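Two complexes are shown next, each including chain A; its partner changes from chain B in the first to chain C in the second.
Moving on, here comes the complex of A and B:
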């Protein structure tokens, strides 16, 4: 069963004259990390907003077509979705509750509003802080956090819910290397436990090994869809989309200087694949 | 002071309340120098840049930005000669159109209208934002808002450019735009201080790396040398650099174009074995 589906979905913002999503039909499967990859303006963020029911309900604009999330229309279900969706925006500083005095309270905020028993809130919040490696920030005010600390706090405030659907917009953009690894491990574990993870990112080098599936968007339409190791190795992703990993780009750049089968498509995507081919 | 020192921090201490963030930090950046400020989340990188911009002031030591002690100054006093890109561009965007936003700084500085208009048009063109000149900044994708904020930092022609995570969330094309623009400023004599986790950007655009850890500067040197043994500091090498290192490629630098050239040479001289085929996994 497909748990998040788009059927002929188009979306246009009120201030715009073009459809930022243009007839999108997609199914997102549980147990997979699906990576949305596209140049700026391709529609990745909007697709997440529509899936969450935030667009057009909060953004304004016009939606055509059918969206289903866990068997319901995300536009109609309102607050019943709380606790089932973990949404991390590209602007974590705008996502804080604004009323929590500490990081721990911020993470406990949604569970408290859902009326969880205090013992459950306590153990879930402690676990979420541990998963993101921010136990040491528990008593700090969210206002005093650095950008990366803030991003981890926002992810923790979603991880606490153990949501069935993760909708993630550049969730690791401000994170240092260890934070990035930890966060991607968290999403991997969530997917393995049966969650639907949909992640929009430009971080091709990392996602090429983290994601199970990549959907390349361009001008509001999916243009490529498949395993990252295959999609990122081809020429089409350069011709019709955002480009690929730094290693695939290197192979292409070198291939323009010298004609060699070692530099032809399909290109190596990762450093490991590059070492296999060029050692 | 040497004429070309644009930023000087001398034995700087800073704390948020009772939490010390920087201790005994000394740093000099000269005109035309590109410096990456690296370190883990919460290391104090952004705080250091706020001291340089006189948004915060040291509890001990001195900060001299573009020939002025920041003591008693605020950021507005430095606005004519320092450009600052916030990590969250929303913190610095106040106008209703991209064009008005970029003209905001010059207007505050009392530039004549014609000069503001001309400078705005030039920077819109340089950052490939002309098509959205009349769009509200909040109607743009977050990543494109970052380019607008960068334009605002650049428009006054600063002598010091401070960038907090300039490539966050940018796609390949915009990253190349930012790299080109920042490199051009540096080559024109502007000093650049960039907080970044993007070591690829550091290698492509900057010369020197400073690493903050546990309130102190623990490394300060050539960006390639700092990153070459950055593993212990949690600093990853970008893919092309790692590949060049592991393949022992004869490359002039770790910049992608140089690595590509060295890789092309390697493939020219070795040639492919006749039996070579892509593995099935590709």
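Moving on, here comes the complex of A and C:
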């Protein structure tokens, strides 16, 4: 059974004349990392907001269709009440509580609001700091952190809940290469442990090997849906989506200059595939 | 103005956060209950001494800066334009009653502003949140209180960044009044628009961090509420009640 479902969902912001989501029907399964990929304005962020119950409750606008999150309607009371949702955006500085004196307190902020017993908060916060590799920042003020440290703190602030559903909007945009790898490894481990991970990102090179499934959105509709190795290798993602990985782009561009079966679709998606093809 | 809290290691920071809040509220109420003309002036003096003892003496200077325009206005309104007998002070002819009224009001505002600034400088958001969570305050109420006090330094931080950004683009905001006036729009507009643009995202974040969930928050590290703190708070309450009784029974309404 899918734990997050969209059934004929359309959404329009109050000031808009077009549907940002247009009749979307999707199921997201536990144990999978689903990567939402699309050009600007495709509806990836809005899909996450709707799943979290933030749109239209907070944003205003009109929602048609049914959304189910862990068997409940996130629009009714807001998904935060479930205490099982990890929601991360691309602007970590806006996700801070703003009142925590230390990174540890920042991470413990949400469980404290949910009224968890203090012993449970302590062990969960320590575990979350370890998971993100920021134990050494525990006593630092969040105001003094770099962008990457801040982003890892925000992810830790959600990891502390041990969420069943992760809703992630460009969660690694402020991280360096090693930080991104570590963060994606965390999401991989969470999915392997049974969580649903839905991740919107432009980071095709990294996510082509991390995600189990990619859904390409365009004009508020899913236009491609499948395994990244298949979807990213085709021509359709260039025609109807935002493009593919650097290697696929290189192969496609070269194929326009030189006619060769080595440079024809399906394109290699990763460096490893490129080496196999061109060796 | 700096962020509230960590810069003040004095007595005020060691006291229970509700003691500081109670003191600021008590001074505000007393300012209107103590008998004029000397009551408000003495209360102002006492507030100054109190914040100095508590290690937040900068509240005195800042209080004077904040109050000065108001004092000048009160002096003009009551001292120069008031009725009754007059006295000459150099080239000025002052209303005696009006001058006393101006001093009373100046004392009241001085006491309130100084005590409030003292509380502000001693304010540690995290300690306060833990203290009120231990008292069972609902999270959304305490967060609203804390966030309001925290908004000003955050806004000033952002203003500093905005000024630097505009300077790199060649904006000249120093010099005469005209140069400063012309700089207001390019400095203020991005600041206000930026703050408005972030409102939605902040609201999403706070929702997902269960600020509005309701119910009792778990205090992470509640500060000690000592016998001295409790004695001070009860004493303040008693003082306010006594002043209220005195106000109702002795001096004219």
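Keep this in mind: the second predicted complex is superposed on the first by the 274 of 279 C-alpha atoms of A that agree within 3 Å, B and C clash if a C-alpha of one lies under 4 Å from a C-alpha of the other, contacts with A are read in each partner's own complex, and residues count from 1 in each chain.
Simple rule for what comes next: contacts are C-beta pairs under 8 Å (C-beta built on N, C-alpha and C of every residue); 3 or more make two chains touch, one makes a residue touch a chain.
Not measured: the values here are computed from a predicted model.
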item: Three-chain arrangement built on chain A, chain B and chain C clash or fit; value: clash
item: First, second, both or neither for A:28, with chain B first and chain C second; value: neither
item: First, second, both or neither for A:205, with chain B first and chain C second; value: first
item: Touched partner set for A:91, first chain B, second chain C, both or neither; value: both
item: Touched partner set for A:178, first chain B, second chain C, both or neither; value: first
item: Which of chain B and chain C A:6 touches, first, second, both or neither; value: neither
item: First, second, both or neither for A:118, with chain B first and chain C second; value: second
item: Partner chain in contact with A:249 - chain B first, chain C second, else both or neither; value: first
item: Which of chain B and chain C A:263 touches, first, second, both or neither; value: first
item: First, second, both or neither for A:187, with chain B first and chain C second; value: neither
item: Per-residue touch tally on chain A - higher for chain B or for chain C; value: B
item: Residues of chain A that lie at the interface with chain B and also at the interface with chain C; value: 91, 94
item: Complex contact set, residues of chain C against chain A; value: 3, 5-6, 124-127, 129, 133, 139, 143, 146-147, 150, 154, 198, 200-213, 215-220
item: Residues of chain A touching chain C in the complex; value: 49, 52, 54, 58-59, 78-81, 83, 85, 87, 89, 91, 94-102, 105, 108-118, 121, 143, 157-158
item: Of all residues in chain A, those that touch chain B in their complex; value: 13, 15-16, 38-41, 45, 90-91, 93-94, 137, 144-149, 152, 170, 173-179, 202, 205, 229-230, 233, 242-243, 245-247, 249-251, 253-255, 257-258, 260-263, 266, 268, 270-271, 273-276, 278-279
item: Residue ranges of chain B touching chain A (in the complex, touch as defined); value: 16, 19, 39-43, 45-46, 87-88, 90-91, 135-136, 139, 141-144, 164-165, 168-174, 197, 200, 234-236, 238-240, 242-243, 246-247, 256-257, 259-261, 263-268, 270-272, 276, 278-279, 281-282
